[in-house]
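Next come the structures, one after another.
Common to both upcoming complexes is chain A, partnered first by chain B, then by chain C.
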Partner chain A sequence: MKQKKLKSTISYVFKSKMLTLVMLLVVVVAVFTIISKGQFVDPKNLRNILQSITLVSLLTIGAGMLMIGGYVDLSLGGTGTMCGLIAAYALRAGAPWYLALIIGLVTGALAGTFNAVLINELKFQPFIATLSTASITQGLGYIVNNGQQIDIDNSVFNFIGTQRIADFVPYSIIISLVLLLIYGVMLKNTKFGRSMYLVGGNPQASLLSGLHPKRVSYILFINAGSLSALAGILLAARLKTANTTGIVNQQFSGMTAAVLGGISFGGGAGGMGGALIGILILNCFNNGMLIVRVTSYWQTVASGALLLIALAIDFLRVSRTKKAS
Partner chain B sequence: MTVIKKALKAKVTPIILVTILVMILFQTRNSSYLSLSNLKNLMHAMSFAGTISIGIAMLMIGGEIDLAAGAEAAFAGVIITLLIEAGVPWPLAIPITIVFGMLCGAVNAVFVNKLNFMSFIATIGIMSVYTGLIRVITQSKNLPISNQGYYKVGSALVFGILPLPFVIMFVLMVAYGLILAFTNFGRSIYMCGGNRQAARLCGINQKKLSTILFLNNGALAAVAGLVLASRMHSGSPTAGDTGALDAITASVLGGVSFMGGAGAMVNCFFGILLLTVFNTGLTTSGLPPYWQIVAQGALLLLALFVDFVNQRSRIRNLERKNAA
Partner chain C sequence: MQLEFSGVSKAFPGVQALSDISFRAEGGRVLALLGENGAGKSTLLKIMSGDIRADEGSVTLDGQVQSFSSPNDAIKAGISVIYQERQLIPAMSVMENIFAGDLPRTAGVINRQKLKRDAQEVIDKFGLNISPSEPVGRLSVAYQQMVEIMKAYRRGSDVIAFDEPTASLAESEISILFKLIRELRAEGKVIIYVSHRMAEIFQITDDIVVLKDGRTVASFPTAETSEATLIKAMVGRDIGDTYAKLDRNTEYGDTLLEVQNLVTKKVKDVSFTLRRGEIIGFSGLVGAGRTEVVRAIFGADKILSGELILEGKPLKLKAPADAIAAGIALCPEDRKEQGLVLFRSIKENVSIPVLSRIRKLLFLDRKQEAALADNARSKYKISTPSTDKLVVELSGGNQQKVILGRWTSGKLDIKLLILDEPTKGIDVGTKAEIYQMVCDFAKQGIGVIFISSELTEVIGVSDTIYVMHEGKITGNVKRGEATEEGILALAMQS
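Presenting the complex of A and B:
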C-alpha cells in the first residue's frame, strides 16, 4: 500500500510540467558547465546571463500573453527597436527622461493598437498583419534618424541601463522580474486573467459566456507593444545608444521561451512561472553557445532548432493530455 | 460589351491599373524608367521572387504557408554551386538540386503533417536553421561558380529580348495556372484551403495534398535559387533573405487569399510585377533603401485590405442572393 502511494507520487512528480522544465534547465546548465570546464558558472558569466534575461523576459511576457489569448505578434522586435530610437530622439531633442520614456511607451502602445485594429476591425490574420507591420516599424525605425544610431547621454537612463546591485544584479532585471510576478499573479488569480484563457481556448464560447474577446485582444496587443517598447528602450539605455538593429526579430526569442515554458501556440494554456524557466533555458542555451565558442552561424541554426524542439515538446504534451482524457 | 464588363469586374483589373499608374508615375520622375534596358532589369528582378511565389501561392490556396521558401532557394543556389565546383556537369546538377529542394519541402511536410505544427511557426524555425546552415557552409561569403557554361541559364535571351529566368518563371506560371484551373488536383487544392472539413468529407486526403504542395514548393524554390545563382555567377548566402516575404506579398497583392481557397496564377504574376515595379521605381528615383522596407509592409497591408473589401462584397452579394 505504502509502496503504491510512493509510486503514484513519483509518477505525479514526473508528469508535472514544471519538473520537466526544471530538469531540462539543469541538463542545459550541466552540459555547458562540463563542456566549458566550469567557465559557464563563473560569476562573471552568470552576470552576463542575468543581463540578457532582462530583455527576453519583457518580450516573453508580451508574446506569451498574446499566445495564451490565441494571438501572435511578429512585429514586437521592430516596434521595440523603433520605440528605442524614438525615445533616444526625444532625449536628444531635450526632453526629460520621464517624458522620453513615456513617448517611447506610448508609441509602442500605438503600434499595438494599430495591430489590434487590423486584426479585430479588418479581420486580418494576426500573423500576416503583424508580418507587414514588422517591416513598417522596422523601416520607420530607420527613418527616425536616417538609419544612423542616436547616442544617449542621460544619467537616469544610464543608471537604469548599466548599474547593478552589489555590482552583480542589474537594476533593469528587477523591472522584468517584478513584471513577471505581477502578470503571473494576474493570470492566475484575477477574473481578467482567467478570462484570457477562455478567450484563447475558445473565442466563440467566451463570447457566449459574456466575455469580450475583442476587448481582451486590444488589451493584449497594446500590452505587448508597450512591453516591447520598454525592452527596446532598456536596450538603448544599456548600450548608451539606440541603433536600428536593436531588438529586431527578437520576438522569436520571446516566442521560443514562451513555448519552451509551456505556453501553447493554440492558445488557452500556460503561465508565467513556466515562462520564467523557459526564459532561463533559452538564455542559458544562448549564452552557453557563446561560452563554448560556437560560431554565430551555428547559433542561428540552434535558435531555429530550439524553436522546433520547443514546439515538439508542446506537441508531445498536448497529445499526452489528449490521450489521458 | 460583356467582355468589357467582365474585364472590369475581374479581381485582377484594379491591380493592373495600379501597376500602369505606378509605372507612369516613375516614368515622369525618371525618364529612363521605361527604357528597354530597365525593362530587362525589371524582368530579371521579378523572376526570382516570381518563381518562388508560384509554390507559395499554391500553398496559400491550400491553406498552408512556407516562410522558409527564400532560405530554401538560397540553399539550392549554394548546393548547385558546390555541385558544379565539384565537377558535376551542370545539366546533371540542376535535377539534383531540384531533388534537394524537394527534400527541404519534405522536411516542412513532416513537421506540418506528422507533428501537426502550424505551418507558419514551424517554417520560421526551419528558416532560421537553413539560414544558419547556409552561412556555416559558405562562411558568409559568396561562392563563385567558375563553369562559364552554366552562366547561360541566368543570362541567355529568348528571341533576343526576353531574359531566360523570366521565361522560365512565365512558363511555369502558365503551366501551374492551367493545373489549378482545369485539373481535378488543382480544384481539390481550392477545396482544401476553403473548407478543410468539407474537403475531407468529400474524400480528399488533405495531408497527402499538403505534402505534395510542400514538395512542389521546395522544387520551385530550388529552381528560383539555381537560376539566381547562375545569374549572379555565385551561390550567395544572403540571396534568399527577402524571397519568401516578397513572394507572399506578391501573392496577396495579386488576390491570393490568405485564408486559403481563392486566387490564381494570373494574380500572382501581376502581384509580383507590381511589387517589382514599386521596388525598382523607389531605387531609381533615389530614395534611401529603407523606404523599400516600409513600402513593402504598406503594400502588403494594402493588399490585405483589398482582400478584406473583396471578401465582404462577396459575402454581401451572397446574402442579397439568399434574401431574394
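Presenting the complex of A and C:
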C-alpha cells in the first residue's frame, strides 16, 4: 500500500512539469551553495541575482508568448537596444521622462508590427523575417548616435533603474514580477490567452473554429517588441547610459529561460509560472558559475549545455505524450 | 513465396495490442486484413515493416524466421509497407523517388540517362502515363501512390502491404490501383491489403483475415464469404442494411441557403439551393472542387464572384468567424490538420467557437466549459474517462464526435452544417452512428451539406446528390434515382 502510494507520487512528480522544474531549481541552488561554501546564498549575492532577473523576465515574457503562439522572434535584442538608444536620445533632446518612455515603447511596437507584416502579409518565414529585422534594428541603433553611447541624466529613469526597496529589492524587478503575474493570469484565464494556445497548437483548426490567428500573431509580435523596448530602456536606466550592445546578448537568455520553463518551440504549451522558474534556474546557474569562479568562456559553454538539457527534457516529455496516444 | 505469422503478440503500456496472431499469406494471392479501428491492423503492419518489434511469436518468410531491428532490415528482406502517409520526397522527380537509395551511378556520379531509362521501364510495365522527370509533388495523390508502389516493385520486394490505399482516392483512381495490384499478384508477390471498404475487399482480395481486439477471429477465402458475415465477425454483431435503417427527415422547410454563380480560384460557377432539413450530398473525384465550395461558404476561401444568400439575406464573409456567427458550421476534411488542436483537451477543443460566450467578466468560466464538454460527451457517447483527456489520445470516430460536439453545444444557433468526408478512416460501427446523427440534424431543421468520396455512403445518406468535376457541378440526382454508375459518369465526364 505504502509502496504503491510512493510509486504514484513519483510518477506524478515526473509527469508534472512544475514539480520537475522546482526540483531542478532546488538542485541548482543546493549544488552552488555547497560548492561556494554558502557564498551563493549570501544576501549580497541574492541581491545580484534579483537584479539580473529583471531584464531577462521581460524578454522571456515576450519570447515565451510568441513561442506559445507558434512563432519565434530573433529581433528582440536588436529592437530593445535600438529603443533604449532612442529613448535616451529623446531624453537628451529635452523630452520629459514619460514622453521618452512612450517614444521608446512605440518604436518597439512598430518593430513588432513590421515583423508581423512581413510574416502575415508577405508570407516570410518567421525565422528569416525576424533575422532581417534583427539586423535592421541593430543597424538603426548604431545610426541613432553614430555608434556612440548616450548618457542618461534623468531622476525618474535613474530612480527606476538603480534604486531598491530596503536597499535589497530593485524597483525594476517589481515591474517584471507584476507583468509576469498579469500575463500569467491572462494566459490561463482569458479568451485571448486561450486563443494563443489554440493558435500555437493548430492555426488551421483555430481559424476554422472561428478564431483569428492573424490577429493573434500581430498582437504577439507587437507585444514582444514593446516588452523588449521596455527591457532596453530599463537597462539604459540602470547603467545611466544607452549603448549599442544593449540587450543583444540577453535575447537568447530570454528564449533559453522560456524553454527551461517548459514553453516548447512547437507552440501551444507552457505558461508564465514555468517561465518564472526557468528564469530563476537560468540566472542562478549563471550567477552560481560566477561565484564558483568558472571562467567566462566556460560559462558560455555551460549555458549552452543547460539549454541542451532543457530541450532534451522537453523532447522526452513530448515523445512520451505522443507514445501514450 | 509465403509469409507466415505465428503467435505474434505485442503489448503497449495499458493495452494488449496483439495477442497470438497467426495466419499465412501465400504468394500470388491478395490477403485482406479486416478489422475495426483499434483491432490491431496498424500494429501488425508496423511489426512487418520493422517499425516495432513483437514481444512474442515470429514472422517467417519462405520458412526463414525474420528479425527486423529497423525498417531498413524489412526492406532488405523484401517487405515493403505502403502507408497512407506517403513516404516520398515531393521536390524530387518520379525516377529519383522510384530509385531512391539505389540510384544508378557511373564512377560515383548519378547516371541520369540510365536512371530515366530504368524508371521508364518500370512505368511502362504498369502501363502508367507519367513522365519520369515530373516532380512527385505535382502528381495527384493517386499517382503519388503509384510511384510508391513502383518503388516497392523496383526494390524487388516479395511482400507488399497496403494500409488503406484507397482512403484518399476517387473511384476511377481505384481501378488503376487495382490494375497495379493485379499485376503484382500475377508476378507471384504476397500482397496484404488493409481496408475498411467492403466493396473493395470483394473486388480485389482472395483471402480474408478478420482481426478483433488484437486477435485473429476468423479467416476465409473471399469467394466463400459475404459482407454480412464479415461485419458480424468484425463487430461481433449484425449490422444489417445500415442505410435502410436510418430514421430520416421527410419534411423540408423553406430555403435556407442559395449559392448563386459562386466563383473562387478552384470553383467555377457553382449554384445550388438548400432547404431547412435537407441533406445535400457532394460527390466527385478528389480535387473536383467540393471542399473548395464549402470552404468558400464557410468564409475560409476568397470568393471572386457570385453570391451567397442565407435565410433570404446576402452573406458577406471575411473569415470563418463571420460564417459561424451567421449559423454555419464546418467539420473539415482533415480532422487532425484542420479540425482539432490535438495536444489540447477535449474540453478546450469543444469550447473554441464559444469562448466569448462562456465568460464571467474578463475570465473564462471553467464550470460552463466543463458542462459543455460533458454535454457533448453524453450526447454523442464519446468514450473517454474524462473531458480533460488530450484529443490526440482519442480514436478517429471519437475525434469526429468532438468536432460535432463543438458545433452543437447549444451555445451556437447552427442552421447549416457542413460535413466534409466525416467518416474517413472511421470504423463501420461508428460510421452508422454518424449517418444517424446527420439525419437527426436534418430532423431538427438544420440544412446539411455532406461531402463524401464513398459512393454508397453519399447515395445512402443524402436527399439530393450534386456531382462535381473540375470545379463545376456536372449534374444532380435525387436519392431514389441515384446509381453508382450514373454518379461516376457525371464525376468523370466521360
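Keep in mind that, in the parts below, the second predicted complex is superposed on the first by the 313 of 325 C-alpha atoms of A that agree within 3 Å, B and C clash if a C-alpha of one lies under 4 Å from a C-alpha of the other, contacts with A are read in each partner's own complex, and residues count from 1 in each chain.
Quick note on the criterion: contacts are C-beta pairs under 8 Å (C-beta built on N, C-alpha and C of every residue); 3 or more make two chains touch, one makes a residue touch a chain.
Values in this document were obtained by computation on a predicted structure and should not be read as measured data.
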Partners on chain A (chain B, chain C) - clash or fit: clash
Which of chain B and chain C A:Gln125 touches, first, second, both or neither: first
First, second, both or neither for A:Tyr89, with chain B first and chain C second: neither
First (chain B), second (chain C), both or neither touched by A:Tyr197: second
Partner chain in contact with A:Gly304 - chain B first, chain C second, else both or neither: first
Partner chain in contact with A:Ala134 - chain B first, chain C second, else both or neither: first
Contact breadth on chain A, by residue count: chain C or chain B: B
Touched partner set for A:Ala205, first chain B, second chain C, both or neither: second
Partner chain(s) touched by A:Tyr171 [first = chain B, second = chain C, both, neither]: neither
Shared chain A contacts, counted only where both chain B and chain C touch the same residue: none
Of all residues in chain A, those that touch chain C in their complex: 189-191, 194-195, 197-198, 201-202, 204-212, 268-269, 321-322, 324-325
Contacting residues of chain B [partner chain A, same complex]: 111, 115-118, 120-122, 124-133, 135-136, 139-140, 245, 248-249, 252, 258-259, 288, 290-298, 300-301, 304-305, 308
Touching residues on chain C, where the partner in the complex is chain A: 13, 298, 300, 319-321, 324-325, 330, 332, 337-344, 348, 352-353, 355-356, 359, 362-364, 390, 392-393, 406
Contact footprint of chain B on chain A as seen in their complex: 72, 118, 122-125, 127-129, 131-140, 142-143, 146-147, 252, 255, 265, 295, 297-305, 307-308, 311-312, 315
